[in-house]
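I have a structure here, written as structure tokens, and I will follow up with some questions on it.
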Amino acid sequence: MPHIPVLAAEEIIRAGRRMDQRGWVPATAGNISVRIEGPRIAITCSGGHKGFLDSFSVIEVDADARVVTPGARPSAETRLHCQIYRAFPDAGAVLHGHSVANTVLSLEEPGPALSFSGYEVQKIFAGQTTHDATLHLPLFDNDQDMARLAGVVAPHLPGMTMGYLIRGHGVYVWGPNMDMALARLEGLEFLLACALERRRK
Amino acid sequence: MPHIPVLAAEEIIRAGRRMDQRGWVPATAGNISVRIEGPRIAITCSGGHKGFLDSFSVIEVDADARVVTPGARPSAETRLHCQIYRAFPDAGAVLHGHSVANTVLSLEEPGPALSFSGYEVQKIFAGQTTHDATLHLPLFDNDQDMARLAGVVAPHLPGMTMGYLIRGHGVYVWGPNMDMALARLEGLEFLLACALERRRK
Amino acid sequence: MPHIPVLAAEEIIRAGRRMDQRGWVPATAGNISVRIEGPRIAITCSGGHKGFLDSFSVIEVDADARVVTPGARPSAETRLHCQIYRAFPDAGAVLHGHSVANTVLSLEEPGPALSFSGYEVQKIFAGQTTHDATLHLPLFDNDQDMARLAGVVAPHLPGMTMGYLIRGHGVYVWGPNMDMALARLEGLEFLLACALERRRK
Amino acid sequence: MPHIPVLAAEEIIRAGRRMDQRGWVPATAGNISVRIEGPRIAITCSGGHKGFLDSFSVIEVDADARVVTPGARPSAETRLHCQIYRAFPDAGAVLHGHSVANTVLSLEEPGPALSFSGYEVQKIFAGQTTHDATLHLPLFDNDQDMARLAGVVAPHLPGMTMGYLIRGHGVYVWGPNMDMALARLEGLEFLLACALERRRK
């Protein structure tokens, strides 16, 4: 894997361990990427548990989700990662994970978004300066046709604040670097855990 | 223990630690096995905590659940493991664990199965390619007579997709190797945790 | 501490770490003891977090809960430990811990006991051979006067199966050795977690 | 950082790891301080995850929350820490964290305080000797203007027993040293977890 910098692979491996500790990558779910340079990204390959990654689990793809690493098997969701890097030039890392809270809320909520207000933690998202705002997490129906799903998501990406949620298929969150992407994912999962608990009142 | 390959014992010990971290082997509950060759399997012996296994905790049994390791004390559930290896020639590892979610759902649900649909994680099970399918987890009443319980389970094994659940007595899950068996168990427990949460709405 | 065998202190330290990992010794709650020989026991001293014990946290007391270790400060609950060792000559280790489940159930349940049936995990308790039995966990009101509380508990000790629960003040569980005491505590907490979840149906 | 004793930074780093393990510092939430001497304190700087602190994450401020460390960026909440050290001369460490339980309860409860009685764990707070007392955790509305929020909190500080809670913005807890501050935070979070669970009955 001559193209993938060691640091990129290490950050992906570390993110996978952290997501596993939190229970956000059950079975072989989830995928993790970092931007290497321009449109080139390093991303977890298809299959395998994201809590136990090694450098062979990370592959390189170009801006159109075409695999650069010889013989590598990309995950179907690679396309969704590339779409985010194109839409947000300052995105440096993208995380996709499944939690019990995000899965249950996505299946319970019939509307097009979940809304959050009154939480200090909202300030982890780009441009947010107060708890006294209402943030929306768009909710899309799941689809095994990733090209079609990407097409449904695309028009909603500009101005998207928190990331987005696919019904029964987890969240997508990003940040300028891996630490911030992980912090935003953790902030979002905290808000989702609170929202789920408040619905049980 | 001349018959048990070191790798088989190591995989069982590692699986026990992982199951313990997740809270799926409370007290001395659960058992874990891998296929050594043909009908011979390595399996955890009776008693002892599955989160703190060593090589002395692993014994060898033949296709009829007869103990090969001299002086070893087999678990009563050994018979259920052997039955799975016979029914599924490509099964390489079998896991049995108790979680709060699987125990509570098994005691709350009066019907013969739990059903799951709409979850991307369903694709961890053999032959599943979409969230848009309905999977069934058969549910059997517990019985201290393991021969009788095995007889009740047997006719349901062919074509079984997810594994099965015994009321108040945990799940059985398997895969072609330990990593996949663990991934399927984790996927199943994720689905069960979601199902339990959704019943609390 | 010339009287306390190294192994006794090590087992207490290890049990404290395990209980802390599970969330059963919040703040400075809980205490842990092992029988050294006859009526002499080693027990955690008053105060301090049970997840971060060292050998200075362990003191020796005699059958009447009198401190043998010079200058040591015993926990008020030491008396309850001694009472258990007297009542059960084969008790080798006693654990006292507070979980959210045991605390909430103890405060919600107005009756004199919690009952459990249908769980395979019930078999972890001495003499239990089937899920098809009903076990009782006696429930006592809390009292800052430990001598009086011990007097209320005493007549219920003979034949006690699971241990006992004090309202808002955690459980007492024991076993022939530390491993079995820990397994029984874990089994009991598993049953309590299930019972609490089933009340939320 | 010539002013900050190594031990002060180490205690803050350790506390951050512990709070992260418990899920109390999601995203970049929370902050942690210790008194160095008189009115001088060491405190986590603004931003960054509190579970992964290093000595560069800790800065020194004076009694009026003015930063002493050259070039350091203080957290807005530094003012609330300084206020606590002034009001409680024996306070040696202050912790601020967000849990799902404290966040949800703070947003569900319309009143000016949460009350607790009947829990043995209440005795972790200064001056408490029995479960048979009623303790109050004052609840304040969140405000992005920290000077104004500090002004609202100030008159309630004298005689405050448990700490206080800000709606959607976590708890403040303190103790004579870091170990006791951590034990009190853990005790408070245990009480809050019980209270939340009891509301779901």
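When the chains are written out, they are named A, B, C and D in that same order, and each has its own residue count from 1.
Rule of thumb we're sticking to: contacts are C-beta pairs under 8 Å (C-beta built on N, C-alpha and C of every residue); 3 or more make two chains touch, one makes a residue touch a chain.
Since we're looking at a predicted model, the values are computed, not measured.
Visitor: Which neighbours do chain A and chain D have in common?
Guide: Where chain A and chain D might share a partner, there is none at all.
Visitor: Indicate the lowest number of steps between chain B and chain D, counting one step per move to a touching chain.
Guide: Minimum number of steps from chain B to chain D: 2.
Visitor: Farthest chain from chain D, going by mean C-alpha coordinates, please.
Guide: Of all the other chains, the one whose centre lies farthest from chain D is B.
Visitor: Counting residue numbers used by both copies over all numbers at the interface, does the chain C-chain D contact come out same (over half shared) or different (under half)?
Guide: different
Visitor: Roughly how big is the turn, in degrees to the nearest 5, that lines up chain A with chain B by CA atoms?
Guide: It works out to 90 degrees.
Visitor: Can you work out the whole-Å distance between the CA centroids of chain B and chain C?
Guide: 31
Visitor: How many angstrom lie between the CA centroids of chain A and chain C, rounded to a whole number?
Guide: Centre-to-centre distance between chain A and chain C: 44 Å.
Visitor: Residues of chain A touching 2+ other chains?
Guide: Within chain A, residues 200 contact more than one other chain.
Visitor: Chain contact graph: line, ring, star, complete or other?
Guide: Its topology is that of a ring.
Visitor: Would you mind giving me the full set of chain pairs in touch?
Guide: A-B, A-D, B-C, C-D
Visitor: Show which residues of chain D lie in contact with chain C when the two form their complex.
Guide: 118-121, 124, 129-132, 179, 182-184, 186-187, 189-190, 193-194, 197-198, 200-201
Visitor: Report the residues of chain B in contact with chain C in the complex, numbered from low to high.
Guide: Contacts found on chain B: 26-29, 49, 98, 100, 103-104, 107-108, 142, 144, 166-170, 196, 199-200.
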